Amino acid sequence: MQYLQILVNGIVLGALYACLAVGFSLVWGVLNVINMLHGSFIILGGYLAFFAWHSFGIHPLLALPFVAAILYGIGYVTQLMVINRVVSQPVLTTLTLTFGLDLILYNFMTVYYTATPRRVTLNLGHIDIAGIFMPIDRLFGMLLALLMTGLLYVLLRGSRIGRAIVAVRMDGAAAALMGIRIDRVYAITFGIGALMAGAAGAIFSMVFPITTNLTGDFLGKAFVVCVIGGLGSVPGALVGGLALGIIESFAGQMFGPQHALTVGFVLMLALLVVKPTGLTGIKGYE
Amino acid sequence: MSPTMRYVIFALWVIALASVPLWAGNYFVRMAILIAMFSGLTMSWNFIGGFTGYPSFATAAFFGLGCYAGALSQKAGVPMVLAWLVATVFVGAFAAALGAIVLRLRGHYFAIGSIALVEVTRLVISSWGSLTGGGDGLNVPLIQGSPTEVAVTFLGVMLAIMVVVFVVTVIVDRNRLGFGLRCIQQNEDAADMVGIDTTRYKVFAFTLSALFCGTIGAAYASWTGYIDPTDSFSILMSIKVPVMCILGGAGTVLGPVVGAATFMILEEVLWANFLDYNRAILGAVTVLLILFLPGGLLRINYRELMARYAARSKRSGAPA
Amino acid sequence: MAEPLIEVESLSAGYGDVRVLWDVSLSVETGEIACIVGSNGAGKTTLLRTISGLVRATAGRISIAGEDITACTPDQVLARGIAHVPEGRRLFRGLTVRDNLMLGAYLRRDDAEIARDLEYVYSLFPILHERQRQDATTLSGGEQQMCAIGRGIMSRPKLLMIDELSLGLAPRLVERLSEALLEINKAGLTILLVEQDVMTAFELARHGFVIETGRVGMHGATKDLAEDPAIRQAYLGM
Amino acid sequence: MSTPLLSLERVSKNFGGNRAVSDVTFSLKEGEIVGLIGPNGAGKTTLVNLITGVQRASGGTIRFGGLDVTDQRPFQAARRGLARTFQIVQPFPAMTVLENVAAGALFGGERTSRADATEVARGQLEFVGLAAFADRPASALTLAGRKRLELAKSLAMNPKLLMLDEVNAGLNASEIDGALALIRKVAERGVTILVIEHLMKVVMSLAQRLLVLHHGELIADGVPAEIVDDPRVIEAYLGGKFARRLKEMPQHG
């Protein structure tokens, strides 16, 4: 029964991880850019949701669309105005650039919001099924995370712009022949990446206290999920996220919670070396 | 720039840094130590990131391991200088062993792998509480003397390391190894085809990039007397160092020194004047650097720039 | 004589300082099928890529229906009615046959008409309808070519350019595709075909251009070109 | 008969389900100039990649000077005297022309010092006619110049066998003539040469023997005059229907 509880905890965590990482994965897969801003985007989304609730009493569920829209706008403009200028350059350039942008965003967030941990406390109580304990806000967070990830999947599979994003990822030149403007699709993709980060942040703020100190941790999770699940696909992020959640949950139980993170990273390093394309991996970018 | 000119500039710069205690207070001496230290780190990164062109973000892993290897050796009773050597050898061996594996990755995967290296080493050190003191950190035996004496001593130490790394850089730059690494940076497949054992060369470069980070880390631990995992394995350092190198000119001999000095002074000025926004300004500098000065300060054609400026001022000066 | 739909005048282009096309001129009349033949590496693909805007022209002029498109980007070229079926089909992996076809209509917003064109493509190639939910890259070579051609038609172009129709396909499939092209042409679409297999091209097209090392050599009616022994020389270089 | 310099025995290469090279067998004698031809996508470059260790053969044996080199790495091939130029020229763009060639001499030619390597490099640049450009960056050369640079770099490696992958692609007629003259000059030094081309024209006058690759298979191996009348070759180049038509035509050529 204890293992079942750990497994359930892992799945809840994993769903959140999938949502957290899927935007990062999409950006890496389509643009071939490692977005160091992703962690700060998550916290920004969380803070916006928190302050909407704290200052104006807006329920996070209601704030979520607005948070998403704001983050999308920020992402879109950032890509179109800044990152597109060097998007085809080597990773040292693009990674350093996004890191520089992250320093700016991070700084403004700490100045305006300070690093105090904040949390939207909804006090929804908990449920107890067959000995498995589950706070309802967590359950709610998990479902929201899965919903957002699912929506992204539907968007990529079923919409005109989703088809264009996949086409650009698979074959840029052929996509151009379809009349697709690559730079616009890059901006849209980066916007979606930021949107998903913001949504994940808003969801996180209902489940855990969040602070700017966590940006690095979140970014690290996104790395690990991507390497486990492979780049640029929603199912990959879901597999990677759930795998990481479950592994962390069990590792925390076995070695103590402070080692959970280590296990994830060691796993990722090992996987990088053995199979750099990820478990489900389609090779990125040809 | 002729090689002799480079050496003269470097020598003058080292002398200038060494003379700081003669004419300025402890604040500036500390600054000089940090400049020397980051110059050493940046020149180290230059072996793998500049010469070889591999986007390594592992500096903090090597530095942090150096901190702990040195500190633990000292605690175990090894004399200080010997402890630094132990740290150097340990970190070098660590990089050599790991390099053969990590260097199979290219591009983005190598970058992520090197970042993961920092995280894993940090997490291992902070979880291994019984040995390392975990998150509480570790006290390192301090050397005897007044704060000024201690500072002057460590300025000497860091400058000595900086000179050694520079000399190694010059040697590498001038012989077969440096030539081969440049070939790999330019075109790895073509390098392979002209007969360069690329794997061996890359492992060499990776090890060189780690070696002195180990020494510097150990010396840093002895200087500050206290280390903890968050400070020793900071991803910020891992990215600051490449930025410094790019700022000066990656792959050049003098670039890392110029970049480290410029960056450190800039950062210090920003710290002093914009306490709240220093990070943001640092970020802005990085962004502007990447967008407008990707080749670094040393690769700007100043003569052409002057000529263009002169031409423009002449034109604007001429009657309409 | 009919109006030229597309006119290429003294076109030069290449990659970096590698010049591939030298002073190439050709024109295709509205409603006809024309072909470009020549051995591999002669510059046929580069010519199509330059017309599409994927490669910048260094000199010369390209125009469609009198409008200059030399400096247009790929989406602008497509919007002006030139669709390009690239060499090797280049279908998008991870997307279904239907999605690939729909991407052909990416620039269009007239949903009802798009649906009609989709039906038209399915009627031309019923097998695509059957496989519409399948990943496009799992189709056989011939089916992939059908899908690529269909994708080209979905933009409702004035001119359809096809690069290497028969590449890697069995003769029977090439026949099938040729019939489809004739039918599409009869419906009013002008076609410019680039082909390695000389006779397949000549049987389909009325006019032919022979490209040799980046220049247009012989050109004229395909029935005359077919009789010309110099063709063989252009390929085998004796 | 002496042992051949290079021999391939039933060499194959699969990519996934695709057979890019299948069961290729041939050998090169010392001092020969041989052309390897075939339409684009025939597997020529893959074959060269297998010989130089860039890719590993899925089956078969490659011997060089009697030694089994099937599993060698590219740098080993270079040091053993197997040099190649690339279809898409691969210089070290930011280095000078001289440094590019010196890299070949230093690492492939196993010269001991950089000064020595530079000396060799100067000689090779003189030979290919690039001496005047020695101190210019390689990226500043024209395509024809870069192809000469590739040649000089390969020669500096002191090769026994030189494989020239599409040295003439992208060159104009007079540049091609210059390149061909240069290749003949190299051959006079006793270097065995394998010229890889898709244009038959180019190799006709140069090679003593032609190998024709089509869909990864070696479909002909013989003297140029026979090759051009080989129906399988005509079919490979002009398509099956044209080949049949040609047969029906009373007179041709």
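Letters are used for the chains, namely A, B, C and D, taken in the order the chains are written, and counting of residues starts over at 1 for each.
Everything that follows uses one rule, which is that a residue touches a chain if its C-beta (ideal position, glycine included) is under 8 Å from a C-beta of that chain, and two chains touch if they have at least 3 such contacts.
In this text the structure is predicted, and so the values were computed from the model without any measurement.
Asker: Is the C-beta contact count larger for A-B or for A-C?
Answerer: When A-C is set beside A-B, the one with more contacts is A-B.
Asker: As a quick test, compute the distance in whole Å between the mean CA positions of chain C and chain D.
Answerer: Distance between chain centres: 33 Å.
Asker: Quick one: report the Å distance separating chain A from chain C, using the average Cα coordinate of each chain.
Answerer: One centre to the other, that is 42 Å.
Asker: At what distance in angstrom does the C-alpha mean of chain C lie from that of chain B?
Answerer: Distance between chain centres: 55 Å.
Asker: Based on the touch definition given at the start, go ahead and assign the chain network to line, ring, star, complete or other.
Answerer: Shape = ring; chains linked end to end, path closes on itself.
Asker: Show me, using the given definition of touch, all chain pairs that touch one another.
Answerer: Listed by label, chains in contact pair as A-B, A-C, B-D, C-D.
Asker: Note which residues of chain A are touching chain C in the complex, please.
Answerer: 160, 163-164, 166-167, 169-171, 173-181, 233, 282
Asker: Across the complex, what residues on chain A touch chain B?
Answerer: Touch list, chain A to chain B: 28, 32, 34, 82, 85-86, 89-93, 95-97, 99-108, 110-111, 216, 220, 223, 227, 258-259, 261-262, 265-266, 268-269, 272-273, 276.
Asker: Where on chain C is chain A touching in the complex?
Answerer: Residue list for chain C touching chain A: 52-54, 73-75, 78-79, 83-84, 86, 90-95, 99, 102-104, 106-107, 151, 155.
Asker: So in the complex, which bits of chain B are touching chain D?
Answerer: 174-176, 179-180, 182-183, 186-187, 189-198
Asker: Taking the complex as given, what residues does chain C use to touch chain D?
Answerer: Per the stated touch rule, the residues are 14, 16-20, 22, 39-41, 166, 171, 196-200, 203, 213, 226, 229, 231-232, 235-238.
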